[in-house]
């Protein structure tokens, strides 16, 4: 079976930039399968690109190659990287876009310096096509990551919104707003479980207190609530509506999950929900 | 030749949701070919998803698997289905998204209950990834639809805008507005042919009377008219413009096709047209 | 290795039109690999489609088939074409969408008239699906272009924004605005090189004078400048911003590159840039 290369960029789909990258890859590695993750990362928003790569990568089979190009530093001395982590390979600029994959000790990184794995002519403005796409294609052809350049032990890491314990709860932030207006937070499923074990919890966001539920369908019509979503993070949703609109929320907004003794009253309602997925 | 799976969702292309589904599919059925129909179905609009699946499906080769996930009821007791119809296979929630395919007697439906054809851990909010994508992959691997669960004889059907005969004509509604602003109606090509046999016809919509023409190019510049479009439905178009804007039209607006005796005067003009396709 | 077909249209990705074309192609040529260039060409804007095809094509391997359907004349007597040029094959309407490929003497064009290479039933409104997609599939299957119909020696060519010499410089126009707000101009890399050999240059656009730099990173924060971009054309960019917004620029705006004797002062600054690519 031929290798898979996924693509995550901020190039949009109106221009031909993504297709130029794919043409370069197929010219070098003709049997590769190409899968788009997203090309609508907000221009230059490295954190948003990092979250998209992290969310998608774990659902692909081991050995998948993930190309991530959100690259405001193109044309500067910022490095290019090939990283192996979690059984996958990641290719892109060394600007923090791979931060979420560097949390454990299982990674290795190499600088992309070998000229033989680039296009013969490298532009100053489009390393996605001229450096990173050919590198990903060469990985797909079997070139070991260590052959691309020297090991890198200090890849750039973004300051990352984390969750932290506060009196009676966990505090975090909104880190992403999805298409449905759901708010994805920095509070992980494990923290929710620890906090709620044997009790119940409520979430405070934007001055409102919301119940913690198990699924969208437990919310009353147009009701807002929090739940552990498909990314294994605490999410805030409005049933059949947009939490981002209802709560005037945006990335960075503080969110606090607190333990309560109130019994859950919303448990068994049934109905339609906020993200049909 | 490896099987084709098409994907129709309301997930958008900004988030990683579609890629997560594709990763799951390729992990199970590595040689499958994946084709996007649309991920820009208006969130939660089951009818719009149903029209997209219907419009696309018939152009694919027999045996194609069509995955359709517009799923406001995720997390409730709504069923999941595998349906065979018209020589194709359809996978998705039992909420009416497959209504247009259930018009004849040639279909069979089965409930998606067998745990072995799901991911080991099923979230409450993303059955597209955890239930429907693995089901489609298993169909691609050759699992017969009857192995997914019990037969279903009463799948959910949406109330559907139909055309009906009125004095001297046929009445219907706008069921879709496409990218070009063309209005797709519930009046089918067969009804248009029956009505116009040996005569001519006019269309009334939004208080205006429009000619029935054979192609966009018969319309005068910026002129509005009706024609049988590529979906074999009566469509309303404005040459080099948007009928939706010109006629302030939207989904649900009534449309009446009436027989007239006026000779067609617009037949042989030539020029550019409203949807270059 | 199976052939590649790229697709460039103005159909958008919300409707099922693109998927219908892909279904037709895969029904005829099951092993073809399909790559989207763009489906967000502004409706009916043939020039924009032509620029996208030109920008993408050269990055694909020889023998790639490029399907381009921006077709306001569908349903009129406008011809359909198969063109061989630069080692690639191009399929679409004869309305100028292939103009940039017809600049040298290495092309041959044939009219798409043979009924055996169309769908059995051809609609009046969607030749992308009924005529051009099947033609591309047949090229992929090995049908020689000359078998589709008579040779065409006078394909439609668009009046094209060119660059021309003026006193002390070169004058051109903005021909495209990309997602990042960069302005792509009709002035080519060769003209820039000729003009700047042994000296420096400045660009006038919208009443402002901008420096010519080597990469985005040479610009001061929020600064505007011109450079030779990844399409081998003079581009105008604003660092970490949108030149289209800052300069209130749009397609058609005049741009003049003039030789100056001022030394380059911006050469070695480093920082983030306007299109991370």
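By written order: A, B and C. Residues from 1 in each chain.
Methods note: a residue touches a chain if its C-beta (ideal position, glycine included) is under 8 Å from a C-beta of that chain, and two chains touch if they have at least 3 such contacts.
Bear in mind the structure is a predicted one, so any value in this text is a computation, not a measurement.
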Hop count on the shortest chain-contact route linking chain A and chain C comes to 1
Overlaying chain A on chain B by their Cα positions calls for a rotation, in degrees to the nearest 5, of 120
Between chain B and chain C, the Cα-mean centres are separated in Å by 31
Going by residue number, chain C touches two or more other chains at 13
In the complex, the residues of chain A that touch chain C are 9-17, 19-24, 26-27, 30-31, 34, 43-44, 69-77, 93, 123-130
Contacts from chain B onto chain C in the complex sit at residues 1, 4, 6, 13, 33, 35-41, 52, 55-56, 59-61, 64, 178-180, 214-218, 227, 229-230, 235, 240, 270-273, 275-277
